[in-house]
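Taking it in order: structure first as structure tokens, then the write-up.
In order of appearance the chains are A, B, C, D and E, and numbering begins at 1 in each one.
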Amino acid sequence: FGGGGGDGDDGTTEITAGTAPGFPPFEMKQDGELVGFDIDLLEAVVDETDYTLAGWEEYEFKSLIPALTNENIDVVAAGMSINDERDETIDFTDPYYSSNQAIVVREDGDFSPESLSDLSGRSIGAQKGTTGETTVQDELIEPGNLDESNYNSYGNYVLAVEDLQNGNIDAVVIDEPVAQTFAAQRPVTIAFTYETGENFGFGVREGDDEFTQALNDGLSTVRDGSTYQDLTNKWFGQQ
Amino acid sequence: MPPLPLQSDWAFVAGNLDLLLAGTGVTVGLTAASILLGFLLGFPAGAVEVYGRGPLKRAVETAGVVLRGTPLLVIIILLFFGLSVSSSAFVTATIALGLRSAAYQSQIFRGALQSVDEGQLEAARAIGMGRLQAIRGVVVPQALRRSVPGFQNEFTIVLKDTSIAIVIGLGELLTVGQNLYQGGQSTAALEIFLTVSLIYFVLTFVTNRSLDYIDDHFSIPGGERA
Amino acid sequence: MGTPESTTTGRTIRGRAAGLTDQPLTLLTVAVFWTWLVVRWTNDFLLDGALIERNTSFFPTAPFESVASTLGSLASSLGPVGFPVGWVAGFFEFLAASIPYLPQLATGVWATILLTVLGIALGFFIAVPLSVARVYGGSATRSVALGYTELFRGTPLLAQLFVLYFATPLTAIIRELPTVGTGFIPAQAFWVAVIAFMLNSAAYQSEYIRSALNSVPEGQLTAARAIGLSKVDGIRHVVLPQGLRYAIPGWSNELVYLIKYSSLASFITVRELFERTDAIASETYRYTELFVLAGLLYLALVLSASLLMEYVEDRVAIPGLGTTSR
Amino acid sequence: MSPPLLELDDVYKSYGEEQVLSGVSFEMDAGDVDVVIGPSGSGKSTMLRCVNRLTEINGGDIYLDGDCITDANTDVNELRKQVGMVFQDFNLFAHLTALENVTLGLRKVRGMDKAAAQEKGYEHLEQVGLLDQADSYPAELSGGQKQRVGIARALAMDPKLLLFDEPTSALDPELVGEVVEVMRDLAAEGITMLVVSHEMGFARSAASDIIFLDDGRIVEHGPPEQLFENPQAARTGEFLSRLTHEGE
Amino acid sequence: MSPPLLELDDVYKSYGEEQVLSGVSFEMDAGDVDVVIGPSGSGKSTMLRCVNRLTEINGGDIYLDGDCITDANTDVNELRKQVGMVFQDFNLFAHLTALENVTLGLRKVRGMDKAAAQEKGYEHLEQVGLLDQADSYPAELSGGQKQRVGIARALAMDPKLLLFDEPTSALDPELVGEVVEVMRDLAAEGITMLVVSHEMGFARSAASDIIFLDDGRIVEHGPPEQLFENPQAARTGEFLSRLTHEGE
């Protein structure tokens, strides 16, 4: 695999996708199987192109970009938001999902913030390398509303929510769909959402324009048909 | 003790035991391959540190200091993303863990070789054995026996360090465990951590006792134990 | 009489000690590293950014960048023979890219050092009784000590951190303590990590000390008992002072291990060197540069630790002791 | 009449199955120098170790100055202050200088302060002719010097009785003389000593009595002239002839 | 006339600054048994080690059977097959049985097959009276037995010359006898031996010559009667009197 893929049996080019499970409902392991919205969506999109998906590789979220530039994988589908820093290193397809950030607090707690400014002086958590973290950095720490030592960064949002329940932090900033899953399962609640206008896109190697174009075409085909709606219902429908 | 903050969900763990065992398989395979590579490189390196001289000895010593001083994570990331030594994560992880372990094993064997009384080598030379022949035939068999305790420590460390391989996409026991509680079906993190710990513990215990057994079997009758 | 042996082994020990101290490059590196750290910490923690603003590097990037680009163009103009020049250019490029991150990494180094030093020092006080129990205890104390050791060595440190942090009331207790999390006293997660490292490294340290105690000849305790010292006093005044000296090399290894394993504390949000590196890298995507940089800082820490232990070993050295351990 | 300084009364000692001492009885008066000889494994070291209870006996009694020292409630540390021991392989505390070796017991057992202990330490180092080596570590001393420090260390506790376990057999032939000379001086000063040794020169000239131990039993016990010139038991004669090598 | 079996011609040896041997010369004929005596540090061990080149000399020449063995191009392994060595502290291979200790050299150096090596091994163990202990490991043997294995190991290589470095000084007084007896038997069989030893019984009865070494120089060299009864140098007399202890 890798190296931009070889030619498949039927004359199509094989590609390998990479993801970082542990981010439901976008990608996770269930009974040892990799499942999730991103998984289904990318497979549907690639089906619409001349490429074939050879398989999935699993990495830590932060290793995905190095793995992509290093040609271990050809495309990233991992709930990755499009932002300038990432765009310097890799290219993105058109957005396929817009995510806002949810601010999650304890259900039974007396802290119920209504805007980001209410968070100043509190301890806040987020998952390392996610938009949640960027939001905390850009909107709270940089303007001086939050001391850096009051921000805790976790390897995974499950640990952040765990620590929220333990009382070590007062709020967690995470993607809205993920927050909804949590609010349903745990004694936590969404205090408010913050509109970031964040968009998720598939990550591709810089300069791999032909492939990017193919994915973009596939994506619009999927969006135009009923597939996209079916997948949204399947993965986000329960709430 | 206050109630555990995590929900008890042992049934979930039990239901996914097969996945954990598959992860254990990766852990065991990676450990075995790395320890073996570490031994194949570390033993000669230890011997060079004791008996070698000149640039070869200095090179081995320097490589050892660098490998021991650099965190495994850095080694593994550099080998995979930096030097791209292999496109296989398993091979790269084996090389990274194996090189690092070689650096530590060389110190274990250096100590063991040095602890064999100098008179042993001298006596072998005195009956006309060549230097290499004497080291191989007389010093090494005794040193290997003495290095068992250090080797057990090293094994324990490599076993647990295999979990770092996930940064290059190789998921073993610990990663499988983390995927389970991050999978959205359950939040049984504590149960999973305890189960994973138990598996590591059993692996360590069984291996170390087996090494003890082998050591006993090969021990020199009446001889003092290292 | 052992004259020839003791002269030769004495020479080996001194030869080994000279190994690091005799390399001016190592000494220089370590000196530069510590000067930078101390000035940085003083500025950031004590003077509240009086010399230079926090998070701003002491060193300007521009000169390095210009040297890099000059050399880079020189290298390409030289063609194939420009290879070494290109390499040097790459090095300057690396320096220029690294400089902005140094201040944040320096605060990470502070936490790493504090974690390591506290963990190993506190662990030592558990390790000594553990090892004495293993060597001299009755069967009950022996098995308790063995059980402790096997438990903490046989399970992953990550799992120990997890259980202590998420599944015990430790954090709740510690965060209520006065001054925790204020000023430069770190917050509860740090202290949980210290406790985990203490418990874990006590298990490893006790093994090193145990084998050192075993290498103190039995006659030493017999002689101590024969002049009327009790068993405990004999161990305290005669066996331990010798055994601990024998234990120094193994103990140094443990120190080096702990420096590197302290990175696991990032898992419970402690902002030590690795966590800082990882955080910056996930923001900037400069993984390779940052991890190489962190690797160099860890290497400098490890070298410093080796030098320190060499110095300690030298200071407490006693003729004929620890040189003929077996 | 005052009781004997040391009395062993029908002492038995075994290690597991192995009977090491089988009914050993003898007495020593203050000022006596008794030399114990016997083949390897006959129980000589074990007998000495019983006297300061470095090992426990299985039967019989041992009396020091009339007090039974083998009861369960004897304070062994107290006993050991009164019975000094000098070892075959010296067993000097390797991490302490010669002076510190001598003063450790004074300070930690006797509770003397540092200055007083040092003064007494120097005194005893002088007694064995080692004042110059006070600050040397054991590894810096020759075998004979080490053994003399060992003697000073034992003497410093002012013991009623000094035990010596083959104090010269780990020494080079030439160094034996030094140590034998110190022992002879101690004998002349009237210090009571029980000495396991095969130094026949010392035994002949300084011993009050010779005790020949074989297989855990005292085979013969008497003044040196009697044992050397006119041994009663055949085994004694045989052993003595073997010891001097010249006969072979 | 055939050349002497061993000849040292003005041999110098130093370790760094320290001059250890200063112009040592002597000769031995086949069948001779020469005993070297001298104080500690006088260079006795060093002299032996020069003969089988466990250490290199700085000046002079050594001839074995007429061949100069101290050139750069002498094959040291070849030389050491011809010169056997028995060590003070035995240096038996700790991981091998008595028999394996004896056969290791036969198999690895002589290249004999296992059966032939074993047969020869048993022969030499019998020669030193240890057939029963063939399968024991060193740690299971007494000191005297260990040393006899050491002798068998050296004999098995059929050396022209056997070197002994204080072969009895690590032994208990009673065990010395065993080893001395074996050496005496070897002497009677006409095996050429150069022995560092202070066993005066052996020296008197078996030595062809005694060599007295002091401070790296041969002070006196002659048959035992001459040295013991009528030493030429004052230093020799002084040393001998100290050695026997009786004089003190």
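Throughout what follows, a contact is a pair of C-beta atoms (placed from the backbone, for glycine too) under 8 Å apart; a residue touches a chain by one contact, two chains touch by 3 or more.
To keep track of the chains, here are their UniProt names: B = Glutamine ABC transporter permease; C = Amino acid ABC transporter permease; D, E = Glutamine ABC transporter ATP-binding protein.
These figures come from a predicted structure and were not determined experimentally.
Contact with both chain B and chain D is made by C, E. Each step here moves to a touching chain, and the least such steps from chain C to chain D number 1.
To overlay chain D on chain E by their CA atoms, one rotates by 180 degrees, a value rounded to a multiple of 5.
Chain B and chain C have Cα centroids separated by 20 Å. Distance between chain B and chain E, defined via averaged C-alpha coordinates, is recorded as 47 Å. Centroids of chain A and chain C (each the mean of its C-alpha atoms) stand 36 Å apart. One finds 52 Å separating the Cα centroids of chain C and chain E. For chain B, residues that reach two or more other chains under the stated contact definition are 5-6, 77, 81, 189. Residues of chain E in contact with two or more other chains: 40. The residues of chain A that reach two or more other chains are 62, 66, 159, 162, 166, listed in rising order.
Across the interface of their complex, chain A is touched by residues 5-6, 16, 18-19, 22, 77, 80-81, 84, 87, 166-169, 171, 176, 178-185, 187, 189 of chain B. Across the interface of their complex, chain C is touched by residues 52, 54, 77-78, 80-81, 84-85, 87, 89, 91-95, 104-105, 108-109, 137-140, 142-143, 153-154, 157, 172, 175 of chain D. Contact residues of chain D toward chain E in the complex are 39-40, 169, 172-177, 180-181, 198-201, 242-243, 245-246, 248. Of all the residues in chain B, the ones that touch chain C in their complex are 1-2, 4-6, 61, 65-66, 68-74, 77-78, 81-82, 107, 115, 149, 153, 156-157, 160, 163, 174, 189-190, 193-194, 196-198, 200-201, 204-205, 226. Put simply, chain C touches chain B in their complex at residues 19, 150-151, 153-159, 162-163, 166-167, 169, 204, 207, 211, 253, 256-257, 260, 263, 274, 287-288, 291-292, 294-295, 298-299, 302-303, 325-326.
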